[in-house]
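Both complexes below contain chain A, partnered by chain B and then by chain C.
Showing the complex of A and B:
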């Protein structure tokens, strides 16, 4: 306990704590749990880390992110100690150079860290992978994603109007964490597709824009189902950003079963969308962007959404009923790349 | 009974970068202007250069370019500003 180095405040009660933390800009606007020494120490113990341990260093401003600050913000977000290994892994992932943390968090484009958890830790800490998966339900999903936002605000200075220059942002900036429904999916889990051994737990993190929901309940043909996702990606390329990068695809059970019944694996979806999610420059005229049709290499210039099929992160998740799905577009093409990081438990 | 709670913010004594003190005057100084590669940044920096020369007596302006607005300037660009008294890293958008 004596190793904790952060300044300490003695405050009357939880209301006083929230008043001061809100007033100083230390929250996301929602109430926080008071980060007492005992709760913070519990989180550090669960992670097996000394307070001074440096988890990662943000490379542009050379800011070390210490275990103590991670634990304080995790407690504020409502995390249980058992969530700490996931929070730590997300920080390690987003501090990898290819994630471009500074650029993706400062940009007017307003992305959030979209977190997908794989492996046995999902069930141990109660992460939701089914009903309402992209929204409210589980404490673990809600608080892990929120902890990352509070760390960005308090440790890295991603305060709206200061380092965070988002024009709009999106609701995922409060929290944006899901688990893959591995038990109810016939497909290879995302982390294993990305070289994590079976049986290990891992996070995959991407700088994501808000999810776009799709629906197709009128076919059993996997090509047609994949085509609905591809169309939404093409639409995003025209209305938001043309640049190729990681897109995430959330495939709930109803569509998953139809696709799998046709013998398709994840790589078949990836291959289809790689070939289909393409536009030509002249298509911009259909979305009010006539002014840029003749720039670059001219109206016939072709653009693909993915550099390769592997750019598509296919995730089995969502409730059992309905022909719904979602895409999560990248912040700015491959300026930020998804990173998969193993979760280490002490 | 009070609650003893911890400060969640970055501890500045761990900072490895510090802000330099402001120049007392720009007169006769060399100022670098970093173009971040975004649309219209040239228009913005032309105007800034005019103001620096006409209103602040700046002696020399060095203008360099980086091609990726969302990443730090490459080492060679940073070295190109080595002789500057101040650098403005501008955002065109």
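Showing the complex of A and C:
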């Protein structure tokens, strides 16, 4: 306990703690759990880390992210100690150069860290992959995503109006963490598609804009189901950002069953959308952007949503009933790339 | 802002052009890089939707501010 270096405050009760933390701008606006020495130490022990261990260094702001600060913010977010290895893995992923953490968190575009967890740790810590998967339910989903937001605020200065310049942001900036429903999916899990060995746990993190929900309950044809997703991606390319990058696709059980019954694997969806999610510059005229139709290489210039089929992150998740799906668009094309990081447990 | 600060640290004289609504962010970046008093040019927001004439006026304004910042030491030495 004596190893902790952060200042210690002697406050009367949880109300006084929250008053001070809110006043000093150390929260996301919601109440926090007081990070007592004991709770912080429990988190460090669960991760097998010394308080001074540097998890990563954010290169632009030159801020080291120590295990002690991660543990403090994890406790504040409501995390159980068993969540710590996931939080640590997300930080390592975000600090890879290709993630462009500074740009994606400072930008007016207002992205959030969309986290997908694969592997056995999902069940050990109770991560939700089914009903209401993109929203409230499980403590693990809610608190892991929230811990990342609090670390961004308190360690990296991602304070709205200062180093977070989001014009709008989106609700995923409170928390944006899901698990893949591996047990109820016929397909290769996302992490294994991205070179993580079977049996290992991993996170995949992307700078994501708000999810767009889709619905198609009127076909059994996998091409038509994939086409509904592709149409939403094309729409995003025109109304938000034209640039190619990682898109995530959330495919629920009802649609998975139809797609799989036709013999399609994830790579078939990826190939279809790679070919179909394309627009030409003149399409901008249909969404109020006539002014830029004749710039660049002219009105016939073609744009694709994906540099390659692998850039589409297909995730099996969602409740068992309903032909609803979602796309999660990238913040700014490939300026930030999704990163998959193995979860190490001590 | 980060590019300008990086250039300065490498010994290359630089400055940044910031639109007025981003001044707090520019100052925050200068502070985290340990150069809180770093001067920069400020022009009115926005840029993307400006007419060509407005953009030209802002460019002239920006150039004048940048020249003044970059030659600040030079002017004092000459005086």
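Quick notes
Criterion: the second predicted complex is superposed on the first by the 346 of 346 C-alpha atoms of A that agree within 3 Å, B and C clash if a C-alpha of one lies under 4 Å from a C-alpha of the other, contacts with A are read in each partner's own complex, and residues count from 1 in each chain.
The rule is simple: contacts are C-beta pairs under 8 Å (C-beta built on N, C-alpha and C of every residue); 3 or more make two chains touch, one makes a residue touch a chain.
All of these numbers come straight from a predicted model, not from anything done at the bench.
Placing chain B and chain C on a common chain A by superposition gives a clash between them. Applying the stated contact rule after C-alpha superposition, one finds that A:150 touches chain B and leaves chain C untouched. Looking at the shared chain after the overlay, A:60 reaches both chain B and chain C. By the touch criterion defined above, A:104 lies against chain B but remains apart from chain C after alignment on the C-alpha atoms of chain A. Shared-chain residue A:17: touches chain B; no touch with chain C.
In the superposed model, A:162 lies in contact with chain C only, and not with chain B. The wider contact with chain A, measured as residues touched, comes from B rather than the other of chain B and chain C.
Contact with chain B, but none with chain C, is seen for A:9 once the two complexes are overlaid on the shared chain. Common to the chain B-facing and chain C-facing surfaces of chain A are residues 60-63, 102, 106, 157.
For chain C in complex with chain A, the touching residues are 2, 22, 24-25, 28-29, 32-33.
Interface of chain A with chain C (complex): residues 60-63, 102, 106, 157, 161-163, 165. Interface of chain B with chain A (complex): residues 2-11, 14-17, 68-72, 93. If you check the complex, the residues on chain A that touch chain B are 4-14, 16-17, 21, 26, 34-37, 40, 60-64, 66, 68-69, 72-73, 76, 100, 102-104, 106-108, 150, 154-157, 332, 335-336.
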